[in-house]
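After this come two complexes, each holding chain A, first together with chain B and then together with chain C.
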Partner chain A sequence: MAGTALAPAKVRVKTSEKRGHRSRIALVNAVPVTVFLLVLFVYPIIGVLSLSLEGDSGGFTLHWYADALSGVNLSVLLSTLRISAETALLSLLVGFVLAHAIARMRPVFAALAMLIVVVPHFISALVRTYGWIIMLGEHGILNTLATSLHAPGAPYSLLYNETGVVIGTTSVMLPYTVLVLQGVMRGVDGRLLAAAAGFGASRFTIFRRIYLPLVAPGIGTAGLLSFILCLGYYITPALMGGGKQTVVAALIDQQVMQQDQWNGAAAFGVILLLLTFAGLGVLGLAKLRRKKTAARRSSS
Partner chain B sequence: MPERTQSLTAGKLSADDLAAALAPRSSSPTGKSLSVTGLRKSYGGTTVVDGVDMEIAAGEFVTFLGSSGSGKTTTLMMLAGFTEPDSGSIAVDGHDITRLNPGKRDFGFVFQQYLLFPHMTVAENVAFPLQLRGVDKAEIRRRVGETLEAAGLSKFAGRKPRELSGGQQQRVALCRVLVYRPPIVLMDEPLGALDKKLRDQMQTEIKSIQRELGLTVVYVTHDQEEALVLSDRIAIMKDGSIEQFDTPRGLFERPRTPFVADFLGAANFLTGKVEDGRGDDCTRVRLDTGGVLTARAHACVPGQSVRAAVRPGKLRLVSAEEGCCTGTVETAVYVGSLTRITVRLDGAAPGTPPLRIETALAPPRPGERVCVTADQDDVSVFDATDGG
Partner chain C sequence: MEANRIGRRTVLRTAGALAAATAVTGCGTLMGTGESRGSSGGGKKRLVVSNSGGAYNDALTKAIYEPFAKETGITVTTVNYQSAQIIAQVKQGRPQVDLMDNTLLNFQKMARLECLEPVDHDRLKSVKGAGIAEHNLPEHAVGKNVWASVMAYRTDSLKRVPKSWADFWNTDAFAGPRSLQSAEADLPELEFALLADGVPLDKLYPLDVDRAFASMSRIRGDVKKFWNTGALPAVLLGRKEVVATSLWGGRADELIKQGQPVAYQWNGARRMTNGWGIPKGADNTDAAYKLIDFSLRPEVQAAFAKLSPTGGPVVPAATKQLSDDVLATLPTSPQNLKTGFDADAAWWDENRDAVIKRWQEWADA
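For the complex of A and B:
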């Protein structure tokens, strides 16, 4: 009697031991990732956050944020946002045309075209930016050509102003938008477009009612990606803006390198991070709303 | 599963309603005639469709039946306008449409992959062709509502296609086509992705809608049974051309080529020679295994080597009759309503398959000696050099 009563208990102990053992192993497996994230992401972010909230003589303060969001600093922040938005739009526009062309090519040529789009990205941003400076300068290739053709208004000032910065950053962001868009476009079932044509839809209607809605998620992702990347981008704006066109990243550099002002720089960093989160939030919200409208439709 | 069963029955009940809802107010049939001449298409030196000619009457249900690679889908794609023919012409009610864009042909298409627009709801999908035709909003809402109601899909109107089962999606695809009442509907294996039970039921629906509306339907399938159930006439395709274009009964009872004889159902082939010395009448075939079969009238030369084809169900076992072929029963398998027997004929060349016979009468036992014959009407004769 005692034996039979004990036996299952023993078994139970064994299995629970085994389970405990297994979950302990799982925990051990998770350690490297956890440590990695803690050391390289969480700690620095908390460090920057506390730096941005620390007064000159210690203690809590918000005045770094007040500084960052007022006067010249605010206008730099706003122009950074504007440049990022312009870059996102322009790279979406150019990227869409490019990606659309590539998506329709035969695989071999598509791979080649993708290579041409991506390879410049392997070259140092510095070199690329100087390339643009040669192209766009007052006596650069483009202006020389325009002047010799007697184009109205030539030579254009394409460098050391916002136009120059946007051209530069767009060229940097383009591979990302093309990659994202091309992936989505390849996923569009060509037979759906043919089916729409079969119902008598014009090419414009097919584009507007079928193609565009099907690639819309990709457009959102690509646009936001280049916007976010552009927010913190430094080299190209610094060189092609010619010091006149300052962006937040340049301001941070200035504060740290020239003024040894870490607290203000940290505040800017946190603001950029929050803006990035806001961007991601917008995308997430859009997705959620799409889902909700779909759910509402199906329930009605 | 209960949801699926429910929608199944809903569909079954509503096939006639759907047809009624879609029927034009006037009683004239909506279908148009289609005539195809010398249609050819090759891809990089490989001829895929090699001279297809056919006349399809208004309101007729015609099926292209063939195995994959027979050119049936390419032919349909040329009719649809998605593929441009190398030569040949297509005319609807006498008007040439060979070079017309798919959208300008005003055909309806239903494909195996449904091709519903994934970002639109069921109702939006069905409304799409009507919007393209400039139908006003209230009318669109009414017709979409009616069509979905009749197809038993009303409660799915607001759903996205991916939230529906395969059968429901195919029904939506059908609604999307029928809602604008195209005179000619082309279907490329529309039921290929459905399970057997659902397929049977959808066949009934499609057939009853087609008949009710008087639609001209051109259908592609590799499923013989489906072709037989649906079609007024079947075009059997092989290597890019039509082997025979006939009613199901015609194909079964009077196959014009060995391929057709063997493809639809099954056939026993017996080699022999046309008997000499009977003038123009060459209906008597002396078989290589001994015995004589009397065949239907056909064009031939006395003394010619031929193959006679007889369906398993048309071979008769007789006790002894003039000219019957003697042999030994190898197997006899009872399969319900009838028994399948294989018989090895005396003198059959080694390697030739035994005769397959189906009989509803008391079957012989394996090893028993039998004599086999067939009625004149059930024997088709082909030139021995014909493939198949």
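For the complex of A and C:
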């Protein structure tokens, strides 16, 4: 017993030594990337930050943040958050079903299905929007079908309102959610599900108690990823939304390109960045909690 | 017309929320080595010109840049910078272009921000006695071509021809969804709202902003989409999403060519002039003046007008070299000059920020 207990300890010492050596090499390897990030990412962000705190005639001010968080700007910020949340939810829902289907396909078909999900995004946004008009417009395929079937309420207004925006942004975010979810789903050990079934669990119980907890980390990551991406997204809301679906990125564009208002735009940028960090923080906390409970379970 | 607001570049630029903001600090230093400036030294002479790209750039290249290079040996290199980028470059100390092609409105803004060199109009042979309108020769710029925002409508959906913006606003007699330009694309069309409300053409400026927004509110319920990119209104018209819209003159040409029942209404068109401006600190002015001068020759003006619907000549003599077919599509044909109006660049420069703010509040309400 003693021998078997010692052996792994020895191995552990060796690996940690090796690891120390390796991490030193890794550190050297990381230098170019670090320099690259410092120059191209950290430095500009500091620039943006200082720009957002600079008054019209120099000096420190919080005026741009107060402006960004009041009146119509606040309303735009809130609708950006709302649209992002709706998009994250919907793309999770659709993405889950899609990823679930793709994860069970044979590799060839799975690759083909992924291609179908991803390829439309190589097409110019304007052309894609044209496609959406053909699909969702007043005289589009969907509405023509609905009216000919005498569906109640048809034709539906599916464009130039929030419905249109969320349909559009969801389709844009879908590849990300599908990719993330599918990766997690492929990692699920089928034997666990089979074992649960062997113990007489219903399909719903297996899904709820076994499958869902196993893919939960993927759901969190995918949802957050699409939420964050959506926060800074601009083109689809602009083309498929109405007057009330102005998003923060559109305000930034207007302030910079038309009004030469870099300070205000920088404040918006920083706010979006902080929101992104907040999202990542939530995800990190969730991961930490999962690890802790897992550790507690294994120790008890 | 810093057209195509939402082009592929814009997507890239605004892809991440911070991308636009990082560009603030990033570009100035990083792009220094990029598109190098054309210096007058060395064997081959070069002139770096910015314009809004796309079909506009194609027409300019064919009608102006290439013949100019043939005659003078100065090659024109074009870059696609908008005025905001060049203002940032000037503030960093060194513009990346020798000469800009932009709207006179943006030049007004740049002059206010002290980002432009004054233009010596006496150095331009083509200007003397050419009869160019005074508002197209401001202190810091030279007008070159006139484009317009006009009405376009579906002839099959509307039983009668809408003759004015008042008809456009009259949703009882001319029923059907419409679209108008959003402040995101360019100046909102307050003038059209005022014309519809009965303000005469010559009494538009200074704009009565309250009255304009009140008029806008009246039609808002029938406006399906306030378009924010130049290509969208024609798409909406072509797909029958709207029966009438405002658009940049020429944007419905493709539909009409395809035989779609679409027509323009030039009455009440809002004209804007694109022109030349020299960013402060540019040091290739000799070549720049040569190109400006060249572009104002009547035959060059006419050549550009034939290639681009944005090419309304500023030189009246050029119109004599154009056929009636071409003239009918140009904002500065004798006929269209009478029924349209020039946007007042000075008024808009002074009031643009306030109007945009008000527009955002109005749209959000």
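Just so it is clear, the second predicted complex is superposed on the first by the 256 of 300 C-alpha atoms of A that agree within 3 Å, B and C clash if a C-alpha of one lies under 4 Å from a C-alpha of the other, contacts with A are read in each partner's own complex, and residues count from 1 in each chain.
Everything that follows uses one rule, which is that a residue touches a chain if its C-beta (ideal position, glycine included) is under 8 Å from a C-beta of that chain, and two chains touch if they have at least 3 such contacts.
Remember, it's a predicted structure, so these values are computed and weren't measured experimentally.
By the document's definition of touching, of the two partners only chain C reaches A:125; chain B does not. Once chain A of one complex is fitted onto chain A of the other, the partner contacts of A:195 are limited to chain B, with no touch recorded for chain C. Of the two partner chains, chain B is the only one that A:205 touches; chain C does not reach it. In the superposed model, A:246 lies in contact with chain C only, and not with chain B.
When the shared chain is aligned, chain C comes close enough to touch A:47, but chain B does not. Once the two complexes are laid over each other on the shared chain, residue contacts for A:137 go to chain C alone; chain B is not touched. Within the superposed three-chain model, A:258 lies in touch with chain C and out of touch with chain B [touch as defined at top]. Judged by the touch definition given at the top, the superposed model places A:72 against chain C, while chain B stays out of reach.
With both complexes placed on chain A, chain A has more residues touched by C than by the other of chain B and chain C.
Legend: residue contacts after superposition of the two complexes on their common chain; A:213 is shown touching chain B, with no touch to chain C.
Within chain A, no residue touches chain B in one complex and chain C in the other. Residues 189, 191-192, 194-202, 205, 209-210, 213-214, 294, 297-300 of chain A are the ones that touch chain B when the two sit in their complex. Within the complex, the chain B residues that touch chain A are 80-82, 101-104, 106-107, 109, 111, 113, 115, 117-119, 121, 128-129, 132-133, 156, 158-160, 163, 180.
Within the complex, the chain C residues that touch chain A are 2, 5-6, 8, 10-11, 13-22, 24-26, 82, 84, 87-88, 109, 113, 177, 182-184, 224-226, 228-229, 231-232, 235-236, 239-241, 352-353, 356-357, 360-361, 363-364.
Residue ranges on chain A touching chain C, taken from their complex, read 40-41, 43-45, 47-48, 51, 71-72, 75-76, 124-126, 129-130, 133-134, 137-140, 159-160, 231-235, 238-239, 242-244, 246, 248-254, 256-262, 265-266, 268-270, 272-273, 276.
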